[in-house]
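Dumping the structure here so I can ask a few things about it.
In this document, chain identifiers A, B, C, D and E correspond to the written order of the chains, with residue numbering beginning at 1 in each.
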Amino acid sequence: MHPTDLARHVSRTWTRSHNLDSMIPGAWSCLHDSTENVKTNLSPDEMRAVVESGQGTLWVDIDIRDEQAVKLLSEVFHFHPLAIEDALNPQSRVKIEEYKGFLILIVRTIAFVEQTEDPYDIETVNLTCFLGKNFLVTAHGGQTSPVDQTRGVIDRNPELARAGAARLMHAVVDEAVNAYFPILDQLDEFMDGLEDRVFNAFDKTALREIFSVKRLVLSLRRHLAPERDVFSVLTNRPSTLLTVDTQVYFRDIYDHILRINDALETYRELLSNTLDSYLTQVSNRLGTVTKALSVVATVSLPFVVVSGMWGMNFEYIPLHGWRHGFWLMLAVQIGLGALLLLYLRWRKLL
Amino acid sequence: MHPTDLARHVSRTWTRSHNLDSMIPGAWSCLHDSTENVKTNLSPDEMRAVVESGQGTLWVDIDIRDEQAVKLLSEVFHFHPLAIEDALNPQSRVKIEEYKGFLILIVRTIAFVEQTEDPYDIETVNLTCFLGKNFLVTAHGGQTSPVDQTRGVIDRNPELARAGAARLMHAVVDEAVNAYFPILDQLDEFMDGLEDRVFNAFDKTALREIFSVKRLVLSLRRHLAPERDVFSVLTNRPSTLLTVDTQVYFRDIYDHILRINDALETYRELLSNTLDSYLTQVSNRLGTVTKALSVVATVSLPFVVVSGMWGMNFEYIPLHGWRHGFWLMLAVQIGLGALLLLYLRWRKLL
Amino acid sequence: MHPTDLARHVSRTWTRSHNLDSMIPGAWSCLHDSTENVKTNLSPDEMRAVVESGQGTLWVDIDIRDEQAVKLLSEVFHFHPLAIEDALNPQSRVKIEEYKGFLILIVRTIAFVEQTEDPYDIETVNLTCFLGKNFLVTAHGGQTSPVDQTRGVIDRNPELARAGAARLMHAVVDEAVNAYFPILDQLDEFMDGLEDRVFNAFDKTALREIFSVKRLVLSLRRHLAPERDVFSVLTNRPSTLLTVDTQVYFRDIYDHILRINDALETYRELLSNTLDSYLTQVSNRLGTVTKALSVVATVSLPFVVVSGMWGMNFEYIPLHGWRHGFWLMLAVQIGLGALLLLYLRWRKLL
Amino acid sequence: MHPTDLARHVSRTWTRSHNLDSMIPGAWSCLHDSTENVKTNLSPDEMRAVVESGQGTLWVDIDIRDEQAVKLLSEVFHFHPLAIEDALNPQSRVKIEEYKGFLILIVRTIAFVEQTEDPYDIETVNLTCFLGKNFLVTAHGGQTSPVDQTRGVIDRNPELARAGAARLMHAVVDEAVNAYFPILDQLDEFMDGLEDRVFNAFDKTALREIFSVKRLVLSLRRHLAPERDVFSVLTNRPSTLLTVDTQVYFRDIYDHILRINDALETYRELLSNTLDSYLTQVSNRLGTVTKALSVVATVSLPFVVVSGMWGMNFEYIPLHGWRHGFWLMLAVQIGLGALLLLYLRWRKLL
Amino acid sequence: MHPTDLARHVSRTWTRSHNLDSMIPGAWSCLHDSTENVKTNLSPDEMRAVVESGQGTLWVDIDIRDEQAVKLLSEVFHFHPLAIEDALNPQSRVKIEEYKGFLILIVRTIAFVEQTEDPYDIETVNLTCFLGKNFLVTAHGGQTSPVDQTRGVIDRNPELARAGAARLMHAVVDEAVNAYFPILDQLDEFMDGLEDRVFNAFDKTALREIFSVKRLVLSLRRHLAPERDVFSVLTNRPSTLLTVDTQVYFRDIYDHILRINDALETYRELLSNTLDSYLTQVSNRLGTVTKALSVVATVSLPFVVVSGMWGMNFEYIPLHGWRHGFWLMLAVQIGLGALLLLYLRWRKLL
């Protein structure tokens, strides 16, 4: 079949087998062939026809919460059951695996989150890509920004889709990885203000935020550190599904992942450092306060002793009747206090 | 011999050699051949016949505390003495080793535990698998959940056993690894509540639980980190006993192990982080209390000094006879206290 | 074309196509051919001619903030769009990548910084080099010292430029890496003085400086650790653009990078060590002050007790009328204080 | 020469060259040939004859403190001077090295120790094995348990010796490595009791023991971490002196070493964790005590202030003559104290 | 030219070209040929003759502070400018690099140090070796012990020099590495005494020494960790300048370096451990002192309260006129104090 006939052929197939049941709400799809024809929302039979024809670029986006859409994975695309299982499990590890005739790539991206009180409570979700010779199947739970944005891009620039399924996957995954940069910027800003908050303002809420941010950093690293290996494989390992020219594009994403990981590692160490500094400063302040307390106690001591003595009810108290007894004792007590302070300072106790 | 005749052949052998002694309580066994015949509780001679025939799928499950059952390992299956020693030692390290004609795989799984007070006191035990061309021997101490669950699965779906001994081993080991996920969920829940307990409720029991959980995490990691290498070998190294198709299944377990290890690593760091934050907060609170103490002491100081002076028993005390002496002194003392507090605050001592 | 004719040929080309618009303010350029001819500020057409001729050594330095200059990258040199994107993004990771016909090297160097209050607030910027067979294109934002210094060097010693584009790149990158050494010297000096400040002078500002310096060290390491890999590739991987003789020169830079990284790693550990020591010393001092406070409180105790008792207003007070009551009580109180101190010391409480 | 004649031949040689000087007290030796002949305490000439014949299995055990015995290494066995130097230096690193005609293996084992006060003060010593085609030379300082135990084993089971020098070395080294397990058990027990001691009993001696145990763990790790590489080489690297069958036995030791190293690593982290928890608990207790102190001080404050005021000697004191003045003031002071406590609690200062 | 004629030939050359200027004070040299002739202090022309002849073993030791001596490197030996630059830069990283016709080895050794107050203030310096086919050039700043000691060795045992330049380099480098062992012994001794100082004597100067020693350990590690790679290369990589027999000798040094690195790593961890223990003990002591303080304050409380009340000047004071009022109040106050202490202990506050 001549490639430019594909869309038309599919349309015809579509006409023949079309019925409303075959339109699956959880599976958006579009087909670009080498002419400028674009067709969206294909029926399962149409998809099957494209996959068999091996021509054009078919993109199917599947919401894994829709059972009917999920069935397409096994019934239309005949993916390996283990691969499908990985795509459906929201806890799957990020990975790249080659099966016969397709490869599966799972990346972790930022989920749309409801506005919570804690700005560092960011949720991440899996985005699965199945890449075949002439098709890309993306699978995820709920609306995912990278997919929506790439749809927008190919609406404006269908050339991208015509460059092949691998380039299309690059576009989706690139968006998925770039979604982390705004968070890095937010973390950078947090780090920049941190020094001032800890050392100048001595902001006590900083402690809890350091904890939250470190938690975020650790959780991001948990998903992004394995992506390093994944994109290293995509960039370097020869594959029949990825041409060397396309791998150059994935090298670009690999670079972004390395940059994000470097940044996370630096943040982690910086936060540990800050926590240690904070603890030390807390101790410093405690020392200062305790020193003040000791000065107060030391100054009190002669008054407690001397005033206590002369406050006792005896008939015979020294100097009791002397005119200047009071003033002498005042001088004695102040003098004793001063001597004590000097002594403690000399002994480096204060 | 034609494969479908195996079970019948074994039955005949069994009839001939059967005596009660050959039924070993610590060794459960079952044999699936390519027809739908299933035979359980084979005698040693029957097992020997199956091993020699090289046909069907034989699974023998051995309780290593039963001496007679253990003898099967050497006398029926002729495993290498070092391999048997590894299977019998409850302290053996998780490992995969190939010997001539079989491979030994030791994994660590969760033991059935008596209900203890400490929910983080989880015990792990070894589960050993010997995989041959057409047989799987599992060995363990006491009842082990993965074995029981797989037995249930092949009762319902004998196809699994017919897929070969390697797929049977996959099923057992998969259950053994999946046994960790409920614990991860429990740890996740603990982590989620931890922030609130440490920062809002300032829950002092948290310290001990952090300690217990960290201990659990470290002990799990001790057994699971080497499993990473074990399953990497199972997945990637060519072996006559594992077809490439079967290795795809072990790649799945490898992935789970990686995921568990990532999670444990993150928990470990998060717990260290929490411990540091907790310590810092304890110090913070100490500082606050000490500051309150210093304020009290500072406010007391002028009263100790001035009231002490005027409380002394002299005949001639300044202002003694003046009408407003008491009120003046009260004002003086309050004023001095206020000045002291201002001074200390100005010097940033409080 | 005979190589020595290149500059003349280009001049002629230049004469033909010259118009003022082709002089781009953000792109300085110079051309050395194998004779001693030097030509600066070439027009785009002249550059194109040199690149096509494959002779002489062309260096173009581009300010990435000048749009017209940036256009040269794609329109004259036809670099890959991803490579140009990397050069323009100030956040790009340091890297070395080979494309068809050229390689791109991004290193991180010290930016010219406005004098800030914090001497450890050092900013780093990217410097991108595109190396072709007979040309070097450097790209950066704003004025960069390594480029300026290398320009000065080739003014004085044009031989360097005639040694080829790779040696020219070596000169630029060498300056870029050497820019770190003054900072290392500064850090070394800081480290040397630190021990004295922390242990003898007990300088409280040290805490904040330790924090700042550690931050600087971590941020330098973030950019310099990946340069290790970059220069390892430049030194060891065979490339058509770098002869083995030239790689020896890059081995030299690789060595500098290793040295800087070793130093940073040591500083990082030393600073952690210092922070721990500092914290311990703060605690030590707190212990001493608290001990002094306890001594004061203990000495006060008998006076509070005994003087308090005898200060009460009862009609019948023991010893009230005895001549030596006062002195006896004084002796009793001092004696009690001394006994208490001895007791506490004996119990090792003080 | 026919192998079975070896012992007889050696005996004859021995008869010829025998004189008392050739009996070396620091060198015990035994020779097993393929018949059941066993000969012990060979003279140097006899040893030389065995080595030259290349038949039988000769084991020589040398006390490196006996000069004459040490001479055997160079004069009878002609080992490389560097290998001999390594055997004699008690500080040598554990290692495996192949020389021409023999290999040297140095492992670290537990020394017989005098009973010391500190149960965690365990000394380790080197045990050197020279393995040749048909001989094993073990060298060590003083009595070493692994050698003695293996001697006992081959007395009871001479088959082991007849299995060849490599299997003999396996037996010795296996004992040397197994000597660590009782210490691991002891450490395990210590760890188990630690949680209770730190959290329930708040046992202050725990601190010192944690320190000692960590020191032991670090020192064991220092010698055992390199043994990992040593046994990995013994297990995997092809060698003319070790058959593949024998290497299976060393794989077993390799496994033990891995297990010991895993355990040590876990202990190290667990001890760090405990130390941090302990420090945090110490701080916690300090906070509690300080809070109690603050309560006491706060309750005192109104009495110091009010009682101080009314204790001053003025002629005109408010309420002085009023009947209920005393009780009013008592109520006022108690009320003020209660208010203060409430205020501080409200401000979260207590 | 026949080898045995070399020294004579050189002497003749020397006679011809000799003038006083050619005797360079900063360059000591000696030439051993295969006969027993030894010639020292060769002129530059003589050296050039030896290098060209390729026979005998020439050792030239150069003081890099002497300009004339440094010129020999380029003018006589024609080393690569980058190699010479590395030799002259006192900050060069330890390294091994092969150039055409020679290799350069830079190791770090202990400098002769003036006696300083701080016994842990050890300075290290670079020692550079250029190894050619028949010559060794050592370069360093100032007097270096390894060179002097090796000179002494070849004076007593010229055989060593005749074994070739590589063996000569081994001798020099061996001394350079062995210079670290006395420092390790000193550190070992420090570690042994540390436990007692920290736990029994509670020696406060220990803190500063721990800091100094850790600093020393980190600085040694900074130079010695890269030597691991350097000697691994020397031992394993095939080289035309090093025979396999000679490499066995360098394997020995490699082993020493590994041992030193292991020890440094263990010291580093042990010191961190000690610092943590020390901090915990400081906190422990603070807790004890604060507890004592709280006991004192608690015992004071009833006296402050009750004595304060009865010390007020009212006309009507309860029990004022009663005979046993004083004793009753004494009992009341002591009883209250005891009750308070019991209460606080019961609440676990003390």
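Here is the rule we use: contacts are C-beta pairs under 8 Å (C-beta built on N, C-alpha and C of every residue); 3 or more make two chains touch, one makes a residue touch a chain.
This is a predicted model, so every value here is computed, not measured.
**Q** Tell me which chains count as touching both chain A and chain E.
**A** Common neighbours, chain A/chain E: C.
**Q** Count of steps on the shortest touching-chain route from chain A to chain D?
**A** Graph distance in the chain contact network comes out at 2.
**Q** Degrees of rotation, nearest 5, to put the Cα trace of chain B on chain C?
**A** Chain B sits rotated relative to chain C by 145 degrees.
**Q** Whole-Å distance, chain A centre to chain C centre, using C-alpha means?
**A** The separation of the two C-alpha centroids amounts to 26 Å.
**Q** Distance from the CA centroid of chain A to that of chain B, rounded to the nearest Å?
**A** Result: the chain centres lie 26 Å from each other.
**Q** Could you grab the centroid distance between chain C and chain D? Build each centroid from C-alpha atoms only and quote it in angstrom.
**A** Taking the average C-alpha coordinate of chain C and of chain D, the gap between them is 42 Å.
**Q** Where does chain B touch two or more other chains at once, residue-wise?
**A** Residues 276, 279, 283, 286, 290-291, 293, 297, 300, 304, 308, 311-314, 317 of chain B each touch two or more of the other chains.
**Q** Sort the chain contact graph into one of these: line, ring, star, complete or other.
**A** Basically the chains close up into a ring.
**Q** Could you give me the chain order round the ring, chain C to chain E and onward?
**A** C, E, D, B, A
**Q** Quick check: in the complex, which residue numbers of chain A touch chain C?
**A** Counting only chain A, the residues touching chain C are 195, 198-199, 248-249, 251-252, 255-256, 258-259, 262-263, 265-266, 269-270, 273-274, 276-277, 279-281, 283-284, 286-287, 290-291, 293-294, 297-298, 300-301, 304-305, 308-309, 311-318, 340, 344, 348-350.
**Q** Within the complex, which stretch of chain C touches chain A?
**A** Of all residues in chain C, those touching chain A are 80, 82, 85-86, 91-93, 95, 97, 99, 204, 207-208, 210-212, 214-215, 218-219, 221-222, 225-226, 268, 272, 275-276, 278-279, 282-283, 285-286, 288-293, 296-297, 299-300, 303-304, 306-308, 310-314, 317, 319-326, 329-330, 333.
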